[in-house]
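What follows is a structure written as C-alpha cells; I'll ask about it next.
Residue numbering begins at 1 within each chain, and the chains themselves are lettered A, B and C in the order written.
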Amino acid sequence: MTDFSPALPQALELLDYFGIAVFAVSGALLAAEKRQTLVTFIFFAVATGVGGGTLRDLLIGAPVFWVHSNAMLLICIAAALAIWLTSRRWIAARALLWFDAAGIAAYATYGAAKALGYGVAPVPAFGMGVLTACAGGIIRDVLAGQPSILMRPELYVTAAALAAGLFVVLWVAGIALPVAAAVAAIAGFTLRGLAIARGWSLPAYRG
Amino acid sequence: MTDFSPALPQALELLDYFGIAVFAVSGALLAAEKRQTLVTFIFFAVATGVGGGTLRDLLIGAPVFWVHSNAMLLICIAAALAIWLTSRRWIAARALLWFDAAGIAAYATYGAAKALGYGVAPVPAFGMGVLTACAGGIIRDVLAGQPSILMRPELYVTAAALAAGLFVVLWVAGIALPVAAAVAAIAGFTLRGLAIARGWSLPAYRG
Amino acid sequence: MTDFSPALPQALELLDYFGIAVFAVSGALLAAEKRQTLVTFIFFAVATGVGGGTLRDLLIGAPVFWVHSNAMLLICIAAALAIWLTSRRWIAARALLWFDAAGIAAYATYGAAKALGYGVAPVPAFGMGVLTACAGGIIRDVLAGQPSILMRPELYVTAAALAAGLFVVLWVAGIALPVAAAVAAIAGFTLRGLAIARGWSLPAYRG
C-alpha cells in the first residue's frame, strides 16, 4: 500500500488497515448519531478513514495511498455498512473510544515514519504524524457542522503529538525503527488511555 | 484542458465547461441568498465551480485542470457577475435545479473517466466521480457555514454515485467509452430528475 | 525556502517569514478568544500561518514550502507560545490589524509571483495570490466554526485581489519584478489600511 516498504516493518502496515477501519467506524457512528442516510454513512466513513493519510500524502508529495488499490475504500464502505446494519444500542461507545485511542497512536507513529521515509525534515514530520491521526476526525466534524475535536480540551491531539514527537526524537537519535515505533505508539496510547480513564484534560487559556 | 485527450471524446470535454458554469452559478446563488459582496460572489463561484475537479486532480496526481489556462476561472467570474447583475426574482430556481442535475451527472461520469485514464483502481475511480460532482457543493456549504448537501436525504450524492458507479462497471466490462459515458450520465440525470420531480429521498438511519 | 530563487529577490523571501508569523499570531489569537488549550493554539497558528501557501503549492504543483525545513513550523509554534504566555490585555488588537494588513499585501504579491514563476497562466496566478493571502484565515475560521472572513464586507479579500491583480498586470506588461512587487504590495496595503482606518466596506447584494 505504501511506497517506502523497505523502511517500514510489515506490522506497521497492518496498523494502517487497522487505523482506517477504526476511523471509518467513528465517521459512520457520527452519521448514525445525526440520523443520516446510508450514502452519508459511506461518505463520512471514507472521509474520516482516509482523510488524515490523504492530507499527509499530498503534503509530502507521495502518491495518495488509497488511489491505486481497491482495499482501502472497501474497508471504509464495509465499516459504514456494518454500522448501518447495527442497532446503536449494540455499539459499545466505550469500547470504540479505546479502539480509537489505539488508532490515534498507530496512525501518529505511522504518519511520522512515512514522512521521514520521504525525506521530510523532523519538525514537519512530527506535524505529519499529528495530521495523519487527527485530520480525518477534523474533516468529519467540519462536514457534520459540529465543533471540531480540535476545540475539545481532552488529550486527543496531545496524545497524537506525543506519539509522533517521541517517534521523531527516537528516530533522530538513531534508535532502531521497530523499537522507536513501539515505544512511541505505546506512549501515545497510554496517554490517551489515561485521559479516557481518568478524564484528564489540558488547561484552557485564561488570558 | 485535460491530459488524456486521446482517451476521451471531445464532447465530454464540453461537458466539463458546462459543469463548471452550472456549479459556479450555484455558488454565486448561495452568495446572493446570503446577501454577500461581489468579491464573495466570485470566491463562491470559483470554489464551487472548480472545487470538485481540483480535489480529484490532486488525489489522482494530475496537474490541476484550471491552473494552466485562463478559461476556467473566467467562466466562474462571468457566472458570478451574471448573477450579481441579475435580480433574484429573474432566476428560475427550478430551472437551475435541472441544470445542476445535468452538471452532477456529467461531472460524476467525467471524473470517473479521468481517474481511470490516469490508472486509478476501479473503486477509487468511482470515488473520484462522486467527489468531482459533489465536493464543490460541499466546499461551498462549509465556506457559507450552512448544513452540507451531504446531510440532506435527497438523492444528490446518490445520483452522482449511480453515474460514476455505472460508468466504472461498464468500462471494466469493456463497453466502448462514448456508450458507457452516455448510459452512465443519462442514468444519473434520470435518478436526480426523479428525485426533483417526485421528491424522492433516501431513508434515514433509525438505529 | 522556495524553489524559484533566481526569479525572486531575497527581500520578498523575508516577507514570506513575516507573513507566516503574522498569520500564525492571528490564528493563536482566535484560539485565545475561544479559551482553548496550548495544543489548539499551536494547531491554529500552524493552520493559519501556512494554510494559504500550502494550498497554493499543492495547486501549482510545487513542493509544499514548509515540508523540507524546520523553520516555518517553528515560527508558528513560537507565535502560539508567545500568545499563550501573554495576557490578552497586553495585545493591541489594533496593532495586529495593521500587521495583518501588511501580511495580506505581502502574501498576495508573493503568491502571484511564485505561481507565475511556476508557469501558471495569468488569471489563475492572480487567484493563487488571493488564495495565499486568504486561505489560511478561511481555514482558521472553518476550524473554529465561526463565520469566515469571506462572509464579511470589509475590504479584506479585495485588498488581496488588488495586490495580486496589480502584480500580474505589471508582470505581463513587462515591468521589472522588484518594481511590480513593490507597487502591488503597497497598493494592497493602502487599500486594506483605508478600510481599517475609515471603515470602508463593499456593498452587499440586494437582488
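Things worth noting here:
Assume a contact is a pair of C-beta atoms (placed from the backbone, for glycine too) under 8 Å apart; a residue touches a chain by one contact, two chains touch by 3 or more.
Values in this document were obtained by computation on a predicted structure and should not be read as measured data.
One rotation lays the C-alpha atoms of chain A on chain B, and its angle is 120 degrees to the nearest 5.
Between chain A and chain C, two chains of identical sequence, the interface residue sets overlap only in part, with shared numbers making up under half of the total. Centre-to-centre spacing of chain A and chain C amounts to 29 Å, using the average Cα coordinate of each chain. Counting partners per residue, chain C has 58, 142, 145 as the residues that reach two or more other chains. Residue ranges of chain A in contact with chain C, taken from their complex: 58-61, 119-124, 127, 130, 138, 142, 145, 147-148, 150-151, 153, 157-158, 161, 201-207.
Taken together, the chain C residues at the contact with chain A in this complex read 31-32, 34-41, 43-44, 46, 54, 58, 63-64, 66-70, 72-74, 84, 86-89, 142-145.
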